[in-house]
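Down below is the structure, laid out as structure tokens.
In order of appearance the chains are A, B, C and D, and numbering begins at 1 in each one.
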Amino acid sequence: MILPFLIIIPLLAAFLITLISGGRDSWAIVFSILAVISLLALSVFSFLSTGSQTFIYEMSGWKIPLTICLVQDALSTFMLVIVNLIALTSLMFSVSYIRQYSAPWKYYALFMLLIAGMNGVIATGDIFNLFVFMEIALFSAYALVAFGGKAEEYEASFKYAVMGSVSSTLILLGIGILYSATSTLTMAKIAEILPTLDVKLTYWVGAIFLAGFGLKAAIIPFHAWLPDAHSSAPAPISAMLSGVFIKSLGVYVLIRLFFNVFGGVAVFNEVFLVIGAISMIIGVFLALGQWDIKRLLAYHSISQIGYIIIGIGLATNLGILGGVFHLFNHAIFKALLFYNAGVLEMTTGTRDLRQMGGLAKKLPTTSFTSMIASLSIAGLPPFNGFFSKLIIFIAAIQAGRPVYAFLAGLGSLLTLASFMKMQRYAFYGKENKDADKTLAKVSTAMKWAMISLAVLCLLTSLMVIPGIRELTLDPVVAVIMNKTGYIAEVLGR
Amino acid sequence: MAISEISYLILVPLIVALINIVLPVILRKLLTAGTVIYLALLTYRLYTGDVTETLILDTVVFSVDKLALFILIFIQVLSAIILLFSLKGVKQEFQKAFFVLYPMTIAFSNGAVVSVHSISLIIFWGLTGIMLYLFAIMDKTKEASDTAKKTMIIVGGSDVFLILGLVLIWFLEPGYGWNLSNNQVLLSGELAYIAFFCIVIAAFAKAGGFPLHSWVPDFAKDAPVESAAFLPAALDKLLGIYLLARISLTIFKLTPFVHILLITLGALTVITGVMMAMIQHNGRKLLGYHAVSQVGYMIMGIGSGSILAIVGGLFHMVNHTIYKSNLFLALGAVEKRTGTNDLDELGGLGTRMPLTFLAALIGAFAISGIPPFNGFYSKWMIYQGILEIARSQSAGYQIWLLICLILVVFGSALTLASFMKFIHAIFLGKRPAKLADINEAPFNQWLATGLLSILCIGFGLFAKELPLKHFILPVMNQPGLNLLGAYSPLMLIGLFGLALLIGLIIYWITRKVRFDEVYLGGMEALEKFRITGTAFYNEIRNLKPLKGIYDSAEKKYLDIYDLGKHCSFGIAKLFSTIHNGQMLFYNLWLVVGLLILLLVIK
Amino acid sequence: MKPSEGMTLIVKTVTRISVWLIILYGIYIILHGHLSPGGGFAGGVIIALALLNVLLAYGRGFITRWLNIGFLHDLESSSAAIFLAIGILGMAVGGGFLANFISHGKLFNLLSSGTIPLLNIVIGLKVCTGLFVVVWTLAIFHLSDKGEKQ
Amino acid sequence: MVIYILCFALLLVGIYGILTKRDLIKIILSLGIMGYAVNLMFILFAYKRGAGYAILVKDKAVTAMVDPLPQALILTSIVIELGITAMLVALAIRLFEKYKTFDITKIRRLSG
């Protein structure tokens, strides 16, 4: 009974914000914060109460093949927790950050729509409904990328919108083919019927979906929009996009479709591994050469998604555990890094690393949290990124694919290198005299958003401890690995 | 979860570090000092008493064997002495952070040593790397930040290899689980070799072996001097060589080829380090390059496979940590008084800082391998061990080993040469005018260097009776070694005493020396005509074949870090030109990607 | 300034007559959504097109005088909110989100099919206002663009 | 069969457009064409030979109707496309304001 509220609340908040706003931004802030706090509470509650069970919510009182259903299992609630957690911190960060733009209430409304879309994609068990929610989320993402109103932002948004629409059309094509073959849109039902059909159908639809959702997840070669869009958006939106957006729309859907619906076909796992490795290596190389701090972070998102995809593609219990864990961790530290970048941009007025320097003294909180996040993304103990990468390494070697472990190692080394570069140019070294003129104030809410994520960077390491892992990650892995189980759980057999 | 005393080695300093965050500086110092003493006592208890294991989640995580215990003892000893040095004189701006990081570093180093579980070893290993970074960024200058970056990339990056290596070991020998204590994996098959070399990379990066050494001199130059003595000179050597010893003694059974390879790498490390050290003008950098050079002996010793040389290598590691921290601290004491560490600007301080001078002199003798100091003893053991190995090899290998040995002995001679320069430049020669009113270092500083000097002498004179018997030979399960040739320190000290006596007699006979002012071209020598200690060595730098090498080394063409940097930036540039901002081009990727997927998936 | 506003008198006159017919037709489509082809979306688009007709024929200035754009905004948001409210009401009274909680009535009667006519009306409002506001916003863009160029 | 091929050809026309056209408006139109092709495909999938429209009318058998679900889906997808198109047009206007051009190959400040 909880899941529909996770979609209704942000939608309602969005409409109420547009309804009552009109120069009264404080109401928009109050509404959105209330909404997101309640969403986070609900999603945590639902995650904890779900465990390894599966609950189905059937819309409008009809029964399953006829209606849209919402599936509440460990995987979806896990993703919901991530989305709403990052949303809350992002909103905390936004409150003072977004004042520099005109008409903030529009921002909050779009933000709520974004959350509604992502929550919908995650919660739904109906493939067309997934498409619709995806479009809602994408639509608000396009608008939010362009929110700043600078030329580059419009450019990024336009490119993103065109490429996103092409991939959405591809997804719709895939959905159409699936519908024509199975005559149903409920994913569990499709999963049930697919094995009785020609396997070629799965392959073709799978390839189309891989391209379509691969673009959402920014897997190379479908990644070209990401560095533009993520670096142009306002910082809290960059954090949302990099932290959870590409994961809920891309990776989550890929996992759900390819494991629970297509049943984990071996050839797709191979493709996952290959494109994961390509994304990981090329992404990190691209990041290494960047001087624009947000572009650097954006390219790292591609690289880190590569890790997740490799973990998923290994298709062993450990590999998926690593992938899912890394997904969670990446959301946290990448959001944190984007907040740091936002503070840097706000205070120095530039995104070019070469024009910063010596900010560690002026921005102690930012510098400290950024170091934690950097070490975390580079995979150094005791931060969470270390453990998820370690699990992926172990899984790759255990699965008899040490090559991927070595590529992941190389990626990790280069990640460290590029974040050391970022640290050195932004926070240490000689102070840039021109930069301190426009030093804006970092508000308390922003600080707390960063600190809370930094603390999470440390705390989520604890999820590897078996006792906690059994409560948190293991049910998620079980859902993914239990391929036909999804059919039985959803259809109630 | 059974927490035994071993885990206190980690928990206590860690908790102290966390408490230190909120304390005022004076209490931080006291608390840290107390911790160090407690740890020393605890280690003594472990040494004498029954060792218990710490279990976490029903697996043995912390345990000590003889090797670990040996390393632990010296971690505590050195951290205590260096702490003594740091109690007074740490730069005001670093003080707060320093006494938080110090116990933390001890905690993590202890953790890395007592870990017998791969994962916990990886974690503590990485944490010590982070500590290194945090020490390096204390100074906020441009150079210091660059050094911190470089250090972290090399040391932190090598963690990846450690992880891969240890995971591969686990994969190859699933029977042992993650336990590292009694594994004997045969080096056979590609994966085993890859695993071995991965871990060797990690050990080399930590200890500063060629070609991953380049962070050591930079760190020595730019980090606070106490941390330079503490980490690259002492703890990181202990850890890196500990790991090397661990894998080559208890985890892998090495093959002759690997022995030869390690010996060669060791010889290369010795010679590159010392050649670079010779031409340095910065005292700390000189010591840093020597810290690299000396690692070569340890690598040779441990990699050689002969018991004598392994014992020698371990002994050399201990000796090195002692005399190198001694030298760093002595230089640090000088630097704190004079405000510079540039050898060109120093000179003639021997009469002003006699105690520091004495300590530095003993350190210099020890590192140069002059009997009867400890450096000679361990080097001697290593040479003998390598000769012993050479005896059992085929002719080609023999020649190769001899070449390596000659290189190393030559390197030892060069070490002496460069320390002549070091000592002369700081303590001898004419004192520059601005150093006129320099006084002896504070009490705690000369006490620390003095203690280390006493250790230098003591370990040299009573090597067989003290360190070898109690610490190192138990590691190898050898009751005693009878391969030490005719060398006996006492006999040697007799000879030296004789030589000294003869020297004194000669001095006594010819003591009528006339002191006079120096004139140049009929004028009194000006300050600018003062001959600095480094001047003589500029000749070496300009020798024909060496000049090119030195030039390219100074331009950093030979540094693996810079090579890798250029390489990766080249690749990055290539990729980023493809991202040319043309949306039509991006769309093409999308369509082509889709087509490839459609073609591939079948 | 005034002469450029809108199209010719013929167009204006025809529009003045036809627009009400079109709106009426849209309302019809919306109300009979549950009985015949069409429904909220189709009807809403028709009404919006009628308004657009006015916009084209009479120009932007007239529309600002004729319609309260702010009110349209509010109508749009509130209709969406009402839609959700009906859905939640279904949750509270019926079996699930958007579940029917009014009696079904008799087949082929205008007042039948439970909440569907209600939803149709709400959707019609939403679509008509939404679509019109979107085009209106685009028209505003154009205005500022011209202003910038001159 | 021919009609499916024609539908596919329409999709290819759209893809051709987004790959070669440089004008922002033409790109938007190409996207629209792609969308229509897919929508058309849905309708084609729903078609049953000899079936009528899917409206419940008095005295008409339920069996002789085409599948009504795709039509509902198409309606949704049309709405989405409408929204995206409006968005893109708005962005195109803004881009013209900033770059004074409609040529996408000249709108390339973001690169590298």
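Just so it is clear, a residue touches a chain if its C-beta (ideal position, glycine included) is under 8 Å from a C-beta of that chain, and two chains touch if they have at least 3 such contacts.
Treat the numbers as computed from the prediction; the structure is a model and nothing was measured.
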Chain pair with the higher count of C-beta pairs in contact (B-D, A-C): A-C
Rounded Å distance, subunit A centre to subunit C centre (Cα mean): 36
Inter-centroid spacing, subunit D versus subunit B (mean Cα positions, whole Å): 67
Rounded Å distance, subunit A centre to subunit B centre (Cα mean): 43
CA centroid of subunit A to CA centroid of subunit D, Å: 28
Subunit B, residues touching no fewer than two other chains: 576, 579, 583, 587
Per-residue multi-chain contacts in subunit D, two or more chains: 15, 18, 83, 94, 107-110, 112
Topology of the chain contact graph, where touching chains are joined (line, ring, star, complete, other): other
Chain pairs in mutual contact under the definition given at the outset: A-B, A-C, A-D, B-D, C-D
Residue ranges of subunit C in contact with subunit D within the complex: 36-37, 41, 107-108, 127, 131, 134-135, 137-138, 141-142, 144-145, 148
In the complex with subunit C, residue positions of subunit A that touch it: 4, 8, 11-12, 15-16, 18-19, 22, 57-61
Partner subunit B, residues of subunit D touching it in the complex: 15, 18-20, 22, 104-105, 107-112
Residues of subunit D that touch subunit A when the two form their complex: 11, 14-15, 18, 24, 27-28, 31, 34-35, 38, 41-42, 45, 67, 69-70, 73, 76-77, 80, 83-84, 87-88, 91-92, 94-95, 98-99, 107-110, 112
Subunit C residues touching subunit A - in the complex, by the definition given at the top: 70, 73-74, 76-78, 80-81, 84, 87-88, 90-91, 94-100
